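Here is the structure we will look at, set down as structure tokens.
In order of appearance the chains are A, B, C and D, and numbering begins at 1 in each one.
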Amino acid sequence: MESNAHRREFRTIALIGKYQSRDVAEALSTLADFLRERGHTVLIEQGTAGATGTAGYQVASLDEIGSRADLAIVLGGDGTMLNTARRIAGHEVPLLGVNQGRLGFMTDIPRGHMLEKVVDVLEGRYEEEGRLMLDAEVLRCGERVFRNAALNDVVLNKGDLGRMIEFQVRVDGEYLYNLRSDGLIVCTPTGSTAYALSANGPILHPSVPGIGMVPLCPHALSNRPITVGDGCVIEITLVRPHDARVHCDGQARFDVHGGDILHITRSQHRVILLHPPGYSYFHMLREKLHWSDAPKKH
Amino acid sequence: MESNAHRREFRTIALIGKYQSRDVAEALSTLADFLRERGHTVLIEQGTAGATGTAGYQVASLDEIGSRADLAIVLGGDGTMLNTARRIAGHEVPLLGVNQGRLGFMTDIPRGHMLEKVVDVLEGRYEEEGRLMLDAEVLRCGERVFRNAALNDVVLNKGDLGRMIEFQVRVDGEYLYNLRSDGLIVCTPTGSTAYALSANGPILHPSVPGIGMVPLCPHALSNRPITVGDGCVIEITLVRPHDARVHCDGQARFDVHGGDILHITRSQHRVILLHPPGYSYFHMLREKLHWSDAPKKH
Amino acid sequence: MESNAHRREFRTIALIGKYQSRDVAEALSTLADFLRERGHTVLIEQGTAGATGTAGYQVASLDEIGSRADLAIVLGGDGTMLNTARRIAGHEVPLLGVNQGRLGFMTDIPRGHMLEKVVDVLEGRYEEEGRLMLDAEVLRCGERVFRNAALNDVVLNKGDLGRMIEFQVRVDGEYLYNLRSDGLIVCTPTGSTAYALSANGPILHPSVPGIGMVPLCPHALSNRPITVGDGCVIEITLVRPHDARVHCDGQARFDVHGGDILHITRSQHRVILLHPPGYSYFHMLREKLHWSDAPKKH
Amino acid sequence: MESNAHRREFRTIALIGKYQSRDVAEALSTLADFLRERGHTVLIEQGTAGATGTAGYQVASLDEIGSRADLAIVLGGDGTMLNTARRIAGHEVPLLGVNQGRLGFMTDIPRGHMLEKVVDVLEGRYEEEGRLMLDAEVLRCGERVFRNAALNDVVLNKGDLGRMIEFQVRVDGEYLYNLRSDGLIVCTPTGSTAYALSANGPILHPSVPGIGMVPLCPHALSNRPITVGDGCVIEITLVRPHDARVHCDGQARFDVHGGDILHITRSQHRVILLHPPGYSYFHMLREKLHWSDAPKKH
């Protein structure tokens, strides 16, 4: 966690709700009214405004939010956070997540404590945490044909045919392996507790500057997940005649063909998460993974 | 890898052989003669001198080697490297490993190319790599009763009785979990390809500043390995009435009892490995793990 | 292994080559001539005849082979064996596999010893082994819309969208679980060394009358593969609104929708494999999985 | 489950409590009085009588219970069931488990429903299930030096020194592999949900006639658990100069040395478990493993 000695000022605050969900309408309107009363300029993300029917506030696209907002409060789950993060990545607008269902890994304010925790943050009682993102691009015959960002993971997996694919992986230009498998998950520490974990990947604490590479059903039984430094350039070349698919955070996808190269690097932008007092990464882990969390006496 | 712009000077060179092994006698004597002829001062580690019967050279303890040598050449396997590293850790004498059997993860000079590769290094053609080590200490009623270093791992495991143990883990003072298991491996990136890998831990590239925590047969099936930053303080408290054992690199061990606290931090010293030209970490991985290593055409 | 006290008579022998492959032409023609000379009636599978250009022999469909042949010799790999087994399952024609590349799990005669091993079998020196197969059918609104057999596995996995699917599993009518995952592999002992093994499933020796159920990237980290008795009825209901795909041996596939029920039972037919002298299941395992196979002295 | 057409008669009923535990005193006395009133002859296991101070009933050793009782009711956890099963194995006295803490895999009557469920059983409303046991013996220079039974597992693991051991495994005389590892778990279906599960072994439904072999931290990363038929003879020879330890159900243990042979076969006796109405193996699994168990609507 970084210190927040230079307290941020939150003049303009954007509210972003879960995609096409009416459920957040009430919380959204409560929050918007509350913020306006405290003198903040409130922006409602345009899709959210449409889905919830919230009126009386400025409506803004994610792009506008990126350039105008001092803070974006996300009402939803991790999926909404991921989408917001990927779309406004270039602006490093700090994000604050209010959970709308089960506790999320990133939306750490419980719905029932929304206003109280938001006040904490507005008054400077928060910790600020930078999370690394990945940039993914696909090169075909030397041309870039796809580009996107990911806060969780870039996944290459078998496409429609459902057959094992083969690809070659290089790290900083050095040959790592040819992998025959269902695919490969390249994840950030944030993503290490998402899809990668189901595929037997290791948990990376967000403070570790590493990128995880987790194979999906590898043909070679001795294959294992590997974590490389976050400054590495990862280059994955799909072997002909395989077809496959690239997914960014499970939200953007692109079809790739034999010979295509998937380039993955750390993004130059980070996602800034704000955590109100009481946040604990390990507590979240225990809750989500159902680890025993009762410290026994001894 | 770090640049070696400031080329080291190797005036005094120590030779260390595999523990109580006569097998290295010939290679050792070849190498000692060769180095003396080139004008270097040669030290033979005293146990090595005894086991091999090498005569005509200065004999030195590992402590003396630590304080006098500019370079230590290890003839043996990874076990010899680990022991040497742990014992001369405070001095940061660079280590060069000549393998005496199967390729080692750390002894990357094959026996058949010994002189040629040693010359490369002596003439400055090498890469220098720092590997993090761990400091382990056991606190009992506030007193330190054990202290040692580890280049691979500090392992807490069940002792004689062979029953599951329980312990509480804190990271930087924050509660992580109570774990009931056969034990816990706390490993460096170097150790991530050793015992931890057999226990389903993730591979950490040596450039990742992380420490792996890999449970041994955890009772909670949702438990998973986790990698934390290498600046963390890891504190493991054995729950009463369990007894257990602490191992450093599988070489030093100590019995612990309920209430004892095992403290693990990054050592302030690093192990300096020198790699002659042609070294590749990934190549070593493929060789040792029998991954497919033939880059296919595409 | 069952005894073969009642020695089979092999009057009519069918030859089946790898799909659309010319590579087997020479071996095929050598074998056909050899068998004709010994007085056997030789049938060439029609696709094989087309691909290899073999002339001068009776050409037969797989159906005809099923009803007419006393023995089918497959020249190819495990894929060819799987396809043949699935297609002539109802007839229990014994199969003998001649390998055309890397050693197969089922094609245990090496190419270089073809004639000699075939003679062994023709003269009664073989072991006969029955392998269980699965019957899969999909029920939609009470109607059967798909049916196929599998010697390796029936796989339900996420379809085009690439999102996690959810389904409910019942075994003999009893509720097992709702699983959110990338899918589920239901495998025979034969299939336990195929795809299921990459997904961390257990190896089942062919003599164990069990069916393995191996989840693909399960969301619940405590989920584990489970083996049930081979007399069980497995019923998998896809939860709405998920779409998914069913694969039999990775060769036949079918799209399923929310509400569809996938019914899996042991087939009433078995695949009969003939093994010439020297066959060892464990030897095959060691070879294919690169386990250490040198019995050490002790 | 087997039918219980030939209803058993339960004249003499033994009560066995958790080892050296006073906690079961009240339940024990309630149950003993209740059974005496219904006209049954009640035996109290002698250790249980001592620990709980229960008076006024016949006290019997486990051996006597084996030869005299028609039913043994165990008040404790799985550990008490395991110990009872191993000790009275030769007599096939049916066992009924009343749980005294967390739900057990084998003690399926919750404490709060004890009398009502016991009545169900006494009146013939139960299912009877046979569970296979293992016989383990150690041969040293041709002499048998240890013999015991196991309902869960026979474990060979590294002893005091804490170093990897090596052993050779044969199944029905056929060479399987030389394994270098922390050890090997050989488990029954009953034991597949115990220690073996923590070591990544597969769950075997109790109806599957198989024996699981699950390596502990195997050195060869491609090694996997394997299930063989329950009629197999498993022979494990410890390679010199390794020392190791054999455990039966984690309760009996024996030190073995290089050259010793551990022989494991299915016991000729089975454990007979009685389950009152409402018992479900899968329900137990979900409860113990925290799998999602809410059947979703669809």
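Going forward, a contact is a pair of C-beta atoms (placed from the backbone, for glycine too) under 8 Å apart; a residue touches a chain by one contact, two chains touch by 3 or more.
Every value quoted in this text rests on a predicted model; they were computed, and no experiment measured them.
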For chain C and chain D, chains touching each: A, B
Of A-B and B-C, whichever chain pair has more C-beta contact pairs: A-B
Interchain centroid distance [CA atoms averaged], chain B/chain D, Å: 42
Intercentroid distance (Cα basis), chain B paired with chain A, Å: 36
Separation of chain B from chain C, taking each centre as the mean of its C-alpha atoms, in whole Å: 47
Shared-contact residues (touching 2 or more other chains) in chain B: 197, 200, 220-222, 224, 289-290
Parts of chain C lying in touch with chain A, wherever the complex brings them together: 157, 160, 162-163, 181-182, 195, 197-200, 216-219, 221-222, 245, 247, 250, 253, 289-290
For the chain B and chain C complex, residues of the former touching the latter: 220-222, 224, 290
List of chain A residues in touch with chain B within their complex: 166, 168, 171, 174-180, 197, 200-205, 207-210, 212, 220, 222-229, 237-240, 258-259, 280, 282-283, 285-286, 289-296, 298
